[in-house]
């Protein structure tokens, strides 16, 4: 149950079977820092190149293929005063005939992060929006474990191993689960957002650097197929693919498996429960793989 | 501002330019009944064939192409004590390799509707789920106006004109908006659900017959492109298409137009607002056309 | 075995259960005319409005739901000297980031139809393309039968009943098959193209008016699920949906059924044959529903 | 202009920035061997694990990001007498409701390869298909160059860098082009098929081991975005993505760029040419990324 303070000296733009930066044990906690999606750190210096540079990977002792890695997101603290994002929407989320009328994708909007007020503010007031502000609600955009078959996959996308899911539900207090494909799991994290709308439809949240604290655990011999999560009110699964229809299939199938394996439901019961009580949220709709979240409220689940 | 009590004598399985059953004026209220998706009425008699028989159409005086029809959903009261649905999930919402393991689509689950408790109960307790219950939360599954070009389209699907969107946000207190394509708009409604999960992924909610009360109004000369809605906290748009990615495009483009036309935002401002504050919900993921809902919380909008 | 000469006096922009214009018997031949997609006739007069006005419907005596209508496309003769189309590609067939660079969709290209040379020529030479010409290869863009449930569906799209499939394989000498949904089948046809590329990716072929000759027959009690066809070398099925992936599923499933029902293959044999000998072509990739064609060469089929 | 005979001693299941096995120069020819998709060699020994083990990578001297690698497929000779495949179709190419009726995916069909007859024969006659045979028509299922950003991507899928495209048009006499992302390009190849139907809809062709001969060249400073190809009659581009609609967009956009950059067409001319003369073929419809091929016949292109 150690607490590790880890300061990264290099970053990865892929999630893969890279040389681990630190070995940790189940139960351990790590306090570390992440740079923003463009590689800028707490001092606004560009210390590495994008996209989405990862801190890590962390080798979790004892993790083997067929296990599930448990990651508790304990604290997500922006460690500088500004974040950036794009004001113009991504070209793929509007009707093709409306693309030509979208604002340029080159521009940036700068946000001021105010931890005292607990809000993020547009640095330059913008017309009718004025000094627009949103809640400070930090989340992890991109995290996951080394994928199967020795792959190293760009942090611009996602898959069974996690990756750039950009789901705004991966915030403080959430427990994330990842299937383990490689010995040690090799956990990577980064791409923190001080706030993000559903779908990350501008391809950005409020992109900034962070101090992140997480602890890890293992569910030995308990496999999973896709990333999962749990918060105060829900359990959820993530499917990553295009089109969204396929992401829905992955997430729904994974939830069916979870309900049967861990909650003791028969196939019939899991089907009925899901058919009537399911909730869906969208993660990113910007990357090569989109993300769909399938959720069940804990109030419908048996008390274990 | 009349109140019309209308008892249907026949129903339609398409939404189209059918002979209107009643002429009403903007400001008027209608109290009527609807049968369930299989055509069963308050007395459990099958009075017409499915799918989704429609009450109406109602001719709204003065409605012309280019206007927007406003429908306030005032009351949705199940008028019998049971509803039905399918326990097995639809084949299209799980991974293709998992289809063979799904329960039969032939079976029905019967729900008891208890308006006093405000809940719906599985009539036959089912294994670990027991006497499972959910809130009584009525909604309209299928409603809309006669589509363009004299089309008559099956109530099994949806489009710009509305239709079988099966969005559980179309409940009491919600205002729905439809583009007007035909003189009189020709408003149809039916397919009430006492409760429905996100996505209607079993192809059913708690399907039952209803007494429905709504009032209508017109936004003359104010066109819209897709169904819209408004509740206490949000405005929203609906896109209907497959894949979900295209439904997202329709709904997002429609919201961009709405924000600019009615709320005075520039394209740049509407893009930024949407990119950062958008929320998405799913309507049906069962019909030929899926439904995606694009929402903006009213707290981000200027007070008009 | 009558030959009917039919001159249309009105047209439909939907395919539906409209009043038939002529009753014909299995074995009969019809010689008629069609206007182009904008409603222009042989004399270049606009006689009706678009999209894709249909000649018909023709009532086939004895056709009942559960039968399959057989339509032999015998002659397709453009009856004027020019056709039109769009030089700019549709917005949905290029990467969203490339949409803004596409030429305007407002412009038209005019083609000169030369039946003696058997070619179509760009009327105005265009830069490096010069006096570009293509073979005269007539086809039917939109045809089909009244759909199920009393629907009337825009000729801008397609479904189980046929419709605007824009497959350039529906040319002279081809036999088309349609499932019958309504008594009399109610066959519609129009939207002839003197030439069309794969996918109709500009939303147009060489659009012109035609004299069309076809004969009809019935396969009594032999149902089908989607449009089919047969030419000198292949049998084929058409699936109409978005995304193309779903059109592939419809067309492939329909071919599996056909191989088993009519050619005596077991499921195992039909699977192997299809898995190894299938060919696919694309119909339209422009309309709300895309079209995918699944083909098997007759040389792989048993001689019946 | 050397000829290299290279015998592989190890294989890769990802396409990535692996240590090159051989350095070659533009103009050089390589004669080497490949194992089948399960890792079986000419002697039917399993020498490595699947999926799709790659021979290589070959480092092409002088290749740099921004160049295009030219690969001439000179000879593809199966080097054993049998190949295997699956008789049952993939679950994703039929309607979801038809999945449960598909034959098992566990079974294999064995094919006898007869280079004298130039055909492949089902080893065990199968019912009505009898001793079914198809032409011997060898092709490369999976080949490409190391992708961007240091990625290593499973040979089960494909992308801008090539990969498991399973397009039956990549046969002898074809020239393939790949964008160069890494110094030396790092060319991998394998997964030969003695025959394959369109779409690889059983997930297999006639899978066997090969002797393969290819030569390489470079188009210095001439970038490309997606794999391209050229045969006796056509030039073509490959888009790899899901859904097929997106693969169409990638391939069509790439062809538009090619026509303008290399053939001197204006945007308007390239659009018109493509809109009227395009042909599409499908590569795989089985992998995580599907493949769509966009083709233009050389007879429509200017003689350079």
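Going by the order they are written in, the chains are A, B, C and D; count residues from 1 in each one.
In the analysis below, a contact is a pair of C-beta atoms (placed from the backbone, for glycine too) under 8 Å apart; a residue touches a chain by one contact, two chains touch by 3 or more.
None of the values given here were measured: they were computed from a predicted structure.
Student: Strictly by the touch rule at the top, which chains does chain A share as contacts with chain D?
Tutor: Common contact partners of chain A and chain D, which must touch each of the two, are B, C.
Student: Shared interface numbers for chain A and chain B above half of all numbers used, same, or below, different?
Tutor: Here the answer is same, because the shared fraction of interface numbers exceeds one half.
Student: Taking each chain's centre as the mean of its CA atoms, which one is farthest from the centre of chain D?
Tutor: Chain centre farthest from chain D's centre: B.
Student: From the mean C-alpha coordinate of chain A to that of chain C, what's the distance rounded to whole Å?
Tutor: Taking the average C-alpha coordinate of chain A and of chain C, the gap between them is 47 Å.
Student: Calculate how many whole Å lie between the centre of chain B and the centre of chain C, each centre taken as the average of the chain's C-alpha atoms.
Tutor: Chain centroid spacing, chain B to chain C, equals 34 Å.
Student: Which residues of chain A are in contact with two or more other chains?
Tutor: 92, 96, 242-243
Student: In the complex of these two chains, what residues of chain D are touching chain B?
Tutor: 90-92, 96-97, 99-100, 243
Student: In the complex of these two chains, what residues of chain D are touching chain A?
Tutor: It is residues 13-14, 16, 51, 148-154, 156, 241-243, 246, 288 of chain D that touch chain A.
Student: Along chain B, where are the residues that touch chain A in the complex?
Tutor: So the residues of chain B in touch with chain A come to 85-89, 92-96, 98, 101-103, 109, 122, 126-129, 132, 134, 195-199, 201-202, 204-206, 242-245, 248-250, 252-253, 256, 263-269, 271-282, 285, 290, 300, 302.
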